[in-house]
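Following are the structures in question.
In what comes next, chain A is part of two complexes: it sits with chain B in the first one and with chain C in the second one.
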Partner chain A sequence: MSGNTLWKCAVARAAGLLLGAGLCCAAGAAVAAVEPTVNVAGGPPLVRRLTESQYRATVADIFGADIPVVGRFERGLRSDGLIAVGTGEAGLSSFSLEQYDINARAIAAAVVSEAHRGDLIPCDIGDPAVFDKSCADRFVADYGRRLFRRPLSEQEITLYVSSARAAQEQLGDFYSALEFALAGMLIAPDFLLRIERAVPDASAPAGYRLDAYSSATRLSYFLTGSAPDPELLDAAERGELNTPEGLQRQVDRLIASPRFELALRDFFSDMLYFDLFADLAKDSVIYPAFNSEVAADSREQTLRTITNLLLEENGDYRDLFTTRSAPLTRSLGIVYRMPVAARNGWSMGEFSAASGRAGIQSQVSFLALHSHPGRSSPTLRGKAMREIFLCQHIPDPPADVDFTGINDTANPVRPTARDRLVAHRTQPACQGCHILMDPLGLTLENFDGLGGFRSKENGAVIDVSGSLDGREFVAAEGLGQALHDHQQTPRCLVDKLYRSAVGRGIAEPEQPFLDYLNQSFAGSGYRVPDLIRTLVTSPSFFAVTGHSPKEQITDARAASGDQT
Partner chain B sequence: MKKFNRRSLLRGALNGAAVGVALPVLNMFLDDSGKAFAATGQRIPVRFGTWIWGCGYIPERWIPTATGTDYTLPADLEPLAPYRDKLALFSGFDVKLDGVPNKPHITGCLGFRTGIPVPNENVKAPTLDVLIGDVIGNSTRFRSIEVSTSGIQRSYSFRAAGSPNPSEISPLALYQRIFGEGFQDPNAASFTPDPRTMVQKSVLSAVAEDRRQLMRTVGAEDRQRLEEYFTSLRQLENQLALQLQPPAPVKNFTMPEPPPEIELDSEMEHVMEIHRLMAGLLAKALQCNQTHVVNVLLSDTTSNLRRPGSTTTHHTLTHEEPVNPELGYQEQVGWFATRSMVAWREFLDALDAIPEGDGTLLDNCLILAHSDCSIAKSHSVEGIPTMVAGGAGGRIRTGFHMAGNADPISRIGLTVQQAMGLPVERWGTNAMETNRVIPELLA
Partner chain C sequence: MSIYRFNDLRGTKPLFLATACVLATALASAGDAAAQETAGFVVHEWGGVKARGQTVCPDGRSLGYRQIFEQSAEGQRLEGEADADYVKRAQAGGNALAVKDGKNLCANPGLAPDPYYRTMDDAAVVSWGIDLDGRVSTRDGAAAPGTCPHQDFTGVAGETGVDNQYLRLTGCTGNPSADESEDETETGWLPPPQEALENTMLEGGWGILIELTGVDDFENDDSVGVGIYANSDPIVLSAQREPIPYATYAADQDPRFRGVASGRIVDGVLITEPTDVRFHWLVAGMHLERPLAHARIRARFTEDGVMEGYLAGYTPVEALYDLQYGFRNATNDKGEPAPAAMMTAIATGAASAMNRTCNGAYEAMYRLADGDPDPKTGRCTSLSTQYFFRATPAFIAQVESRGRNDGLLEE
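And then the complex of A and B:
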């Protein structure tokens, strides 16, 4: 269930079109934001699987971009609209370990290979036939700290150095010894999972906060999509993340780094369900322009639109729904029917007013993902907009719905989707929910199942009027303005960013903090980097409870005490 | 504390020259059933599979009018005539919802596979293929292999909620996973264990040793997830252990050719081609015991199958296509239902083409085929069409059609588990809970 609004379609039906009324609490746009004096309690420390993107970025950061990641990754588990939340729930199947093992061995082999050992092994190795314990100790401690995002205990160092020694005995080669110690760390749960640890903190509302290394990890994956770098780990070790100045310094540094853009791309890829591109198929007879290049470019186009607006221009988040800027490639130009000067790569274009396009919801990535293989779908598009941009959940259709209305063949002339969806509007069982989706999606009907423009369907002019929660408008442009102005739009982003950062749903006592973030977001003119900065520099960001209510706090105390 | 174990034995063997040392058989990994190869006396393992097709059936084209052994194959099952004797048909067995909301195309499928209907994908118990794999899948390189042939990354094999066993969607990726690196030709003339594999195995054991410390660090729910991690880690160790011993020779085994790189698409004939390629690879994998459990998803339960140039998919058609008044059913939906049964026949062809013992590989398999619903138009989970194919090494009887008369479909799940040697007397919850096996199916 989404943190904000639980939709009851029956209620919506009873309320007719007055859907916006009482939707959510008033967000005082211009009121100066004051952080609640009582900070939120936070949630339990989590165990979160690295996403594919985080895994790749972490390996590239620690060992270099030319170290291969050859294994495959299963699709991330999406929970409550976000894979970032699913990371706290996803299991580890045999398949995933098998592939992690393939990765671990290939990475370790590359690190000690002749091409890389000079740069990546932190000691001079004399005779590789001789086991150099101090070098092995150092290798394990150094890379262990990066990979596990915390210092290793003596016990752990001994464990991996023993693996190295066993490999040396077996294979007679010190490079291989280091290789297998590293392979072990790369398959260890401490690397594959972000295991958060709590420490007692009398000043924290629930009596706990994340320990310094867990804080650094949460901060780093949220702001950079990767593991803490040595500087952040050092700051954690010195306790600097517990001071406002120390934390501020690190946050400034990370937000200024090029990695911040990558983290933002990760977040929006998740929010926009871009993992669905893996399944995207279009009928090649109906949409001959579609191919895998168009799919990849459309994804990239939307991400570029987002980072251009939010980072380079430091723009208003809500303008994503009205922007006409159009990063283009040649293959996208075919679908958009726009000339593209650059033969290769990207050039910046602009959608004309006549194009009918405004906002990322009128770009091919959104239009194609939320369609059928052979036709558009106002319902899928409407549902996706509710879920993705407004954080509203639409229930599944009733299983026993009567479809005879749709099968009425007495009047077979139904050229447009609006004509065909008449049953959605007239059948009581359908109406309640479809009134939330179809009037939104129908305004995008000028775009076919791939996202190409059309003004007619089966010879009939398409009517693109529609509404969103009581506000009526026409076409993609009107839709974009309605999304821009909807009070839930910025709140939904705050909601998703927060859940993405902490990896779980929002608990009731956290609402004041969310309200504070919303006010502060409004106060900044909806600048996303400002919002993120406000979020991560708040003590609430690092607040945790013990484990679940039934958990023994002493357990957490004992375990985290080992590390700090 | 130096114990005699497989690892220390191997270490000695590899340090010395005697590579061909006889290794103790991993008895604890072998189930004690199955017929024996005449030549070697070695037992033939029994394998298990599931085969799912989406969006149900057209009843009048699928349900035989008679029950028992003396029935006439209805139109959509005609392609299966060659397998009539190796096939048991079940109609009229229900997933009992007990008030659980029916999430279209999900609740029926997972309800059947776990014995517990759920209103979403959060299964409350492992799917039965996982339960069976835990018993018969421990001696193989892969505990199970999942494939989806319509280009969609979906799987209905779950160890726990949030933990599906992901499907391979590319025949080439499937080939590489099974027959690429790490595959040992069972009939190779010589065997040389790779010392690096042995080292990696000991590395995994070391990682596993850290388990207790870690378990103390995390909350109860995460402990379960970590348990799953360690279960998967043990499977991985087992995989490496198998690579360190000479593979048992397999009669009639020839290496499959690598499949062509093929675009993934949901167009029906294309899916049939991908399915044929994957069925062939899975049959070979079962033959040489790379796995004992396979799960095939021909089409997702919300079937995205389509015909070239058509604006509607199989699933969309089930809701939108008018009934053809002359035929009395939805004609296009019927076409997909018919083609799905042809694909099923082709899956059985792949298994039956491999001679094994005094029969074929199919005779030593039990394949459970089912859909997610009966009438897709209304998402009905009553009377989900189900078939059991193969001989399970003599442990089951086939060649009949049985009408369930609204009995819980968990009876089939329970019987299948017992046939595969699981010590389970009772399965499912609430109205799905049953201890009534289907005696007709058990030999």
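And then the complex of A and C:
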């Protein structure tokens, strides 16, 4: 069922034409997913910090890919499994502000540099010693609209143009004046933070929705990983995002753009904890094949596997856990023990049935990331699978856990990780959680701490039997099928996609909408692009409570007794 | 045989590639029991076989041009002559001896004999290697068909008939301390490694790939195919500078650098029939070729999947002279002739550094040559040569391998 049809259904229901709406929806979907309307509640509008990826993409889109972003970025805060959610919770440290300032100055300097000014300054400048107010007005208004993702008020334009004039008076150069104004905009909260604003929703009495520009921003960062382009901002200005047809047109355009794949890669990088690659280290004596190239390629391999299946093949999301597709580089071929003819770049291969590999959970990125530097870890792998793919939370271990037996990998009495974990699990404090993690992780023990295949550990044959919530299986292939068939697997993706889009946890009133998305996802054969289209063309995607960020801060202060 | 198809090979030709594998033990760990017919290896350790223990050179060792000058009356150090001045004068004197009738002797080695060149003629010298001509030969005895009379070595395990005239050519040149440092008690399957030779290989200057096909049993198999190719890719090394197994290497697609032979495995030892092979060679940025005619492999397989043994055959005299002494016919990176002045300068300098002369070596080569007799003159034109090697499991791709910066060259 198209998003447009969904919208019409939703509008029909809102108008009280429930019978007609029901027929409409039933006719358009294989599984009659009925979108709730009375619970289009949304959550509070948020203030979300741009991620590094979003910051870089935004700068590149507005000014060009050759404009340098030289500063460093603070590590993202992962909240409830997603950095995207953490963007609405993290504060700004002094280090971050310092780095943002470095970036702002470098970007502004590059934009007005001789190499770029001809393309990036939207007016002919006669004598740079003379302040050109009309040009400054246009420069600030045009770039301010792109950077702040909304038109600047007259007061804001005056503020930045005044700062440019002050710079001109001090520096005697109009380019320096523009540079100064631009650096100011690049360090402004309105650029660094996605500030959502709510307006009353005409179609939902007493309800609120994001205003047009906030809607465009949420839509754009979710579908493209970058700021709204001029066409989307124009559509927002004309109010087209408030109409099903106008919204559908923009969604179609953005999903068809190459940016959509980049946004999907950003989402899965977040979901799969790929930020941990920054810390990934392996003992080079134990794993001589590991190097930074293997690390980077393994990350890319999984992302390519995902986009190939979900976008190019429009495949079933659950097949990610059983696919034998293997994009390879020569560096990865060493770890997988597979030939790779191309000296540079990527080749598409396929794991054989005898390889013991199936699914992205048997690729090096997952296996290496969720292991120790010198050994595999069934526990870390099991924990990661529960949290990443099933949205289940495993508590951290107690502080006084005795890891001596686990780390004693040379003990001939307990040659395999299973032997050591069995001994470890006898401790009552450990048993409760390990029983959730280990039966999954042990099925991947055919892969060492880097992800290379092995059949034995310390000379003992590795037992790769395990279970997932009552289903027993053997090895990575069985694990992949169990994950594929687990009812929570697609629900977890829906949950994470929605939370990533709105940047917060799911409020109780939103659950019917999540149920609807799950039904719709199943009805589409678990096609992710269809799920995303359904999500972003729904009124629920833009629905918010009436609390503005300012009101939230006031509420929070009041709750904490802060009288300032 | 399992077939692996590649798509989207930017810069390479489409191909079907046999999935390589290693020995049964190593293969089992790879979890791919279906692909046991092809095994690829990349040579990571390589060297020319030397004599075991202290070398025997009763007539002394060869001299380089500068050493010959220093032994002459004119080359004696003058009273009060400063070190720097004497070094400079000796160098100039040596260089002058490398010229005959205005021509450099390294570029024209046949112009003059060298009475100071010594070869390792002792019949009692023990060395590593294999029998190439199927006969225990003596200097004064009858030669096997297709060979010339020569003195065989006795092997380190007491076996007879080891052919290695290359060792007789080089055994009394160079730095004697290097030979004496070898362990006299060494009787292993292979001689000690030679770091200098390996460095140029590990740095990507040249390389060798060996591919076994149709292997049913690595202990005993009466028929296996053997491909011996020049390697087109740098060896993948770990941080510890060890070769990493299971990397993929492209075999040189030039037929001149591809040798194919039949072979068999007997009690875990691979024995091949003769084939002509040719490898790349790199000296000071100059590209050369190392041919080996009638080359045979005799190698065994270790538990960790490594193949180790000997690649032995006959090196044509002229080619051997070019790649090791005179560097004639060397080319640059673009395949153009290397500058003549560069070739002669490096050849002359190397001769003095290695305590030998170009013309002395050239003369000795033909005197020692024991293979490929000229049909007209009967004079042999190649020297039996024994190389040892270790090779790690690898995948071999039959593609044109291209460098990351090839696009720049095409612009």
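Note that in this section the second predicted complex is superposed on the first by the 493 of 564 C-alpha atoms of A that agree within 3 Å, B and C clash if a C-alpha of one lies under 4 Å from a C-alpha of the other, contacts with A are read in each partner's own complex, and residues count from 1 in each chain.
Here is the rule we go by: a residue touches a chain if its C-beta (ideal position, glycine included) is under 8 Å from a C-beta of that chain, and two chains touch if they have at least 3 such contacts.
All values reported here derive from a predicted model rather than from experimental measurement.
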item	value
Touching partner for A:E261 - first (chain B), second (chain C), both, neither	neither
Partner chain(s) touched by A:P44 [first = chain B, second = chain C, both, neither]	first
First, second, both or neither for A:L77, with chain B first and chain C second	first
First (chain B), second (chain C), both or neither touched by A:S96	first
Which partner reaches more residues of chain A (counting touched residues only), chain B or chain C	B
Partner chain(s) touched by A:A166 [first = chain B, second = chain C, both, neither]	first
Touched partner set for A:P288, first chain B, second chain C, both or neither	second
First, second, both or neither for A:A183, with chain B first and chain C second	first
Common interface positions of chain A, toward chain B and toward chain C	284-285
Chain C contact footprint on chain A (complex, rising order)	284-285, 288-289, 291, 330, 333-334, 337-349, 352, 354-356, 446, 453-456
Chain A contact footprint on chain B (complex, rising order)	11, 14-15, 101-104, 107, 142-144, 146, 151-153, 159-166, 173, 195-196, 198-200, 202-204, 206-207, 209-210, 213-214, 216-222, 225-226, 228-229, 231-233, 235-236, 239, 264-267, 304, 306, 308-313, 316, 319-323, 377-379
Of chain A, residues touching chain B in the complex	44-47, 72, 74-75, 77, 79, 86, 89-98, 101, 105, 155-156, 159-160, 162-163, 166-167, 170-171, 176, 180-181, 183-184, 187-190, 192-193, 195, 197, 278-279, 281, 283-286, 372-375, 396-397, 399-401, 403, 406-407, 409, 449, 547-548, 550-551, 555-556, 558-560
Chain A contact footprint on chain C (complex, rising order)	2, 4, 6-12, 15, 17, 19-20, 28-35, 233, 236, 238-240, 242, 244-248, 250, 395-397, 399, 401-404
